[in-house]
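Just so it is clear, A, B, C and D label the chains in written order, and each chain counts residues from 1 on its own.
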Amino acid sequence: MKKIGIVGATGYTGVELLRFLVNHPNIEITMVTSRANADSRVDAMFPNLRGYLDLEFVAPDIDTLAECDLVFFATPNGIAMQNTAALIEAGVKVIDLAADFRIKDVDVWQEWYGMTHACPELLSSAVYGLPEINREQIKNADVVANPGCYPTAVTLGLLPLLKSGCIELDDIIADTKSGVSGAGRKANVGTLLCEAGESFKAYAVSGHRHQPEIAQTLSTVTGEDVGLTFLPHLVPMIRGIEASLYVKKSATDCDLNTLYQEFYKNEPFVDVLPAGTPPETRSVRGSNICQISPNQPKHTDRIIILSVIDNLVKGAAGQAVQNMNLMLDFEESTGLKQAALLP
Amino acid sequence: MKKIGIVGATGYTGVELLRFLVNHPNIEITMVTSRANADSRVDAMFPNLRGYLDLEFVAPDIDTLAECDLVFFATPNGIAMQNTAALIEAGVKVIDLAADFRIKDVDVWQEWYGMTHACPELLSSAVYGLPEINREQIKNADVVANPGCYPTAVTLGLLPLLKSGCIELDDIIADTKSGVSGAGRKANVGTLLCEAGESFKAYAVSGHRHQPEIAQTLSTVTGEDVGLTFLPHLVPMIRGIEASLYVKKSATDCDLNTLYQEFYKNEPFVDVLPAGTPPETRSVRGSNICQISPNQPKHTDRIIILSVIDNLVKGAAGQAVQNMNLMLDFEESTGLKQAALLP
Amino acid sequence: MKKIGIVGATGYTGVELLRFLVNHPNIEITMVTSRANADSRVDAMFPNLRGYLDLEFVAPDIDTLAECDLVFFATPNGIAMQNTAALIEAGVKVIDLAADFRIKDVDVWQEWYGMTHACPELLSSAVYGLPEINREQIKNADVVANPGCYPTAVTLGLLPLLKSGCIELDDIIADTKSGVSGAGRKANVGTLLCEAGESFKAYAVSGHRHQPEIAQTLSTVTGEDVGLTFLPHLVPMIRGIEASLYVKKSATDCDLNTLYQEFYKNEPFVDVLPAGTPPETRSVRGSNICQISPNQPKHTDRIIILSVIDNLVKGAAGQAVQNMNLMLDFEESTGLKQAALLP
Amino acid sequence: MKKIGIVGATGYTGVELLRFLVNHPNIEITMVTSRANADSRVDAMFPNLRGYLDLEFVAPDIDTLAECDLVFFATPNGIAMQNTAALIEAGVKVIDLAADFRIKDVDVWQEWYGMTHACPELLSSAVYGLPEINREQIKNADVVANPGCYPTAVTLGLLPLLKSGCIELDDIIADTKSGVSGAGRKANVGTLLCEAGESFKAYAVSGHRHQPEIAQTLSTVTGEDVGLTFLPHLVPMIRGIEASLYVKKSATDCDLNTLYQEFYKNEPFVDVLPAGTPPETRSVRGSNICQISPNQPKHTDRIIILSVIDNLVKGAAGQAVQNMNLMLDFEESTGLKQAALLP
């Protein structure tokens, strides 16, 4: 049994990590940290875990964390980078669910995240934890940067097309929508039920931190700059991301459905839907699946790719467990084989 | 006091029409028809009208409708077209909230709506009831085709740009989202709370009836064919439409904010927001306002226009009352001066 | 035109007050205060008021407030009591939408509200602003304590029975449910969409501040102590309160429907539903109506009274406007004649 | 591997049964029937099952069902009773998730369900499938009547008190609230998102079918008639039931917390919360747990018991799997050990 620690598990990605890990057959959760909640029971904060997890929060401490085999950081941006070097030194693997290791270019990171990076020397060896593109590197990584939720939905939606030659790369539009849990579990007027409920809006129109993250992946995969217009919206629901991707066809024709089915045929967590079936976020609620539907409507030259995930699962905690399985040499889908909760 | 009849007021546009009309100072509601509900009180179906409307539904009858000054059809597609000629003959003005008179080309209409048009000879004289483009014609119209909800949000969002010369017209993308009331008040599994709640999806990916309606307006305004990619989505909320419009800049520069403020400065029901303020659907809930925010993000060459309406008000019943005011020579905003319900 | 000031209009009762007052024909809003938001536009915080209110927030100042004819306090508990004496002295009438003047017994108040009362000498002359029991006193009051939301729904539901002799007074059970807006517009984890959405729970099981307020009214009306079990619940919706009231029949029989219809026949804002029609909160959304359904099910000796209001309207801002109308000698329903927003 | 058939799996209890059964280690699903959907894939209707269930619906046929070891009826009332006798004859065990076998008195059943019972001779041997009272009988039953959702929440909430002597049995009040999925997956105006969303109401005030079911259990357990006032309400959410139970104390005192902790200490699916912790429906969403909080508020003589379940799980499909485990001699919680989905 591998020993697992979770730093900062008082948010939604934290409780979701715990939901998967309490039933994982190959690991034991040895510590769950929260400075503010030290000495109170984890299941007092999250009553869904009653009977599944008999632990109290403890204050984070690098020496005790060093006894783990792997540590998840389910913390705000800027925390993992302060502790990762010491943990690696101690032989502990690290998965950061925040953004500290997602951007390779430290200047870009510092511009978008508004702080000085604490360990830029780790950026090059940190692996971007999207198994569908980096499976082998993840297996050998010390530090995995768990991808953002929007980047996961958008990237998986675009991947088969990127090197196909069937599309132009200079004008991809990603209109994305997220449930409110993407904003986290913190006191905030804007995400009150009475503010975010029964309403819909775009946000971050002038620029969102997931823009450079997606752009970096797209240009890494294609080897060239990709023109991306990215706009997120807030949906009055708890979980789920939908990405509607508008891609311009090139002169080369391709059979969309065949392309996608082939590309993802061996992926355990990407599911290409039959033609004419727009994916619904509820069909992946609570599950680690990304459902994708590629479409070529008659009235337009644009290809429309629709992609859905649960932002807390394939967009965060589930993908983190998938990465852990790869890093610790478990079967990749261990602990993640639950059908989505519908309705 | 003008006499007003409403045919088929058992749906959401019907009850919304009644909500505005019961307090309108210049009209009286003389009949509300419903074959299925004849002889039962209107406020038994819609208890929000208790104390405001002392009427029973009556079976529709062309002779008694002919005693009205103006008749609204809040019916499914295909009903108004069977009765309009007789009413006009009798000197009654008609506003159809359904789609019977929206498309000028009868072949296009018949293809998208799957039925034979009953009075194609009226299509040329029927006026498309978007006051922001057809105010004068509406004043003199016998038949007004009240616009669809998506077309209202999209067209108002694009209008200032269409003749500005600042954009390319061959590749406009309209990613639109609607609350569930757009699907109407009919027994249907897909719009149950347990199906449409807590979920988000695209629909009608292969083509939606509002596509040719929008395309017709855009080409009428610009005098040329406009390339439009249109995709609707279903939002887990009751009211509201948001349109995110991606428009390609041309070589000509323009000051977006000035363009929009100027264009709409005299419009009573279009409100251009200050820069950097994405509109929320709740800010127009229950009101006849369209709020628009034009944006030029730094990371892309695309202009992004955001437009919100209440689909049942500016997208249906409120716009119909606005049209009635014009047709009956009342002040245009009579009965429509209620602030939106927030939260 | 009477001059009206609103202290602390940055919450939900504040914006709702403004929604009604901007269209009120007999008053003008001369100042809206907020220390934290001074010098920013009111409609920047509440975009539904754009075009209806051309004011900025100002810092509260007793001298300028003294120029108003009437001042509303839409503030947290404990603010109005610090300013009311000075305003009365200056000839200004006061309506407190918080709880400072609701409880006559200062010891009870201080126990439940956990602070020392700043002007206990005003408690006896302050009038409890439920027009259905205190209409004449309200007309002559200097200070009106606007009732709590639960107390309004529960008291109006019980009033006709209290002096009827048809019920026992020692064991009344009030199971009440409220939308989340009752908790106000403040940053708070418990009322986030992701915490309060898609869930239902009781709260304040050990005792809620509205318990002594209701008990006081019931005993005032009946002249004896009334045994009341009161339990509130949180409903995953924005607006609305429903009270299910279980009352034990006495030996005296009564015709429930006749009793209620007679009792409320002249009340402009209480609507007794036909037998067999459970009220829905949405039928009063945005309106000042309380809808009540009295029932005597066959399977029990308990009478069940069902009562619904919009907590922000008849339970707060609408009732405050009704009280203002009485205090300033306007027609009681001025500015309050809007049908509820359904759906 | 036992062979399991499911009749009528096109509703919410059906898809929920499948969600649990696809991962159950001791059974295989051999047939899923639906006359209307025969020959279409189950996962085309329920995309959350893609990758978990490779079956098409088949038309129900008694001969092929007879090859199963156990058959679930997830059908409307009145279907199971027509097929159960033949299945038992063939040696197949039956669990009916509808109401056909819940009421022992056939006259009472026929009065409430409005049809003639097809096999009244089976009523006496059918076992009411609440393991917390009938565990041993369930193990040996041929036919199990899976309890209703409200009866499960109410009965589990009251059980420890019923024989304690601490309460009066003549005036128990059960104010219950359910998410909309309790109404099933059928086209119906009343449960549209736009009708049931953002609103709260009582229903079935004159009497609900779960009233006689609960009353039967309470009197069976206590050996005497129990006075029960039962009122259900509809909550604008998908899943969850909360029951607030008001019970009158007798002269005998008891320690509520100890009573409940002791009573349920060995139950795998009943969880008594620490004092002062009102249960939330979301804490059991998707799980088979019933969480209960017993309270004695100071301001009243009434004991208040709060009980929550997921109506589709412990109130339907989960409890059915629990019963199957008992009937087929598997460990009782097999396949049911998933933590609830929060948020």
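The working rule: a contact is a pair of C-beta atoms (placed from the backbone, for glycine too) under 8 Å apart; a residue touches a chain by one contact, two chains touch by 3 or more.
This one's a predicted model, so the numbers in the text were calculated from it and none came from an experiment.
Visitor: Which neighbours do subunit A and subunit B have in common?
Guide: Touching subunit A and subunit B alike, sorted by label: C, D.
Visitor: Please work out which of A-C and A-D is bridged by more C-beta pairs in contact, and write that pair.
Guide: A-D
Visitor: Cα centroid separation between subunit A and subunit D, in whole Å?
Guide: Chain centres of subunit A and subunit D, defined by C-alpha means, are spaced 36 Å apart.
Visitor: Distance between subunit A and subunit C based on Cα centroids, please, to the nearest Å.
Guide: Comparing mean C-alpha positions, subunit C is 45 Å from subunit A.
Visitor: I need the residues of subunit A touching at least two other chains; which ones are they?
Guide: 12, 181, 185, 194-195, 197-198, 236-239, 279-280, 282, 285, 343
Visitor: Residues of subunit A touching subunit D in their complex?
Guide: Touch residues, subunit A against subunit D: 12, 15, 18-19, 22-23, 44, 46-52, 181, 185, 198, 238-239, 271, 273-274, 277, 279-280, 282-287, 289, 291, 337-343.
Visitor: Where on subunit C does subunit A make contact in their complex?
Guide: That would be residues 12, 180-181, 185-189, 191-198, 236-238 of subunit C.
Visitor: For the complex, give me every residue of subunit A touching subunit B.
Guide: Its residues touching subunit B are 171, 173, 175, 177, 179, 194-195, 197-203, 205-207, 211, 227-231, 233, 235-240, 242, 244, 246, 248, 276, 278-282, 285, 293, 295, 297-302, 304, 306, 308, 343.
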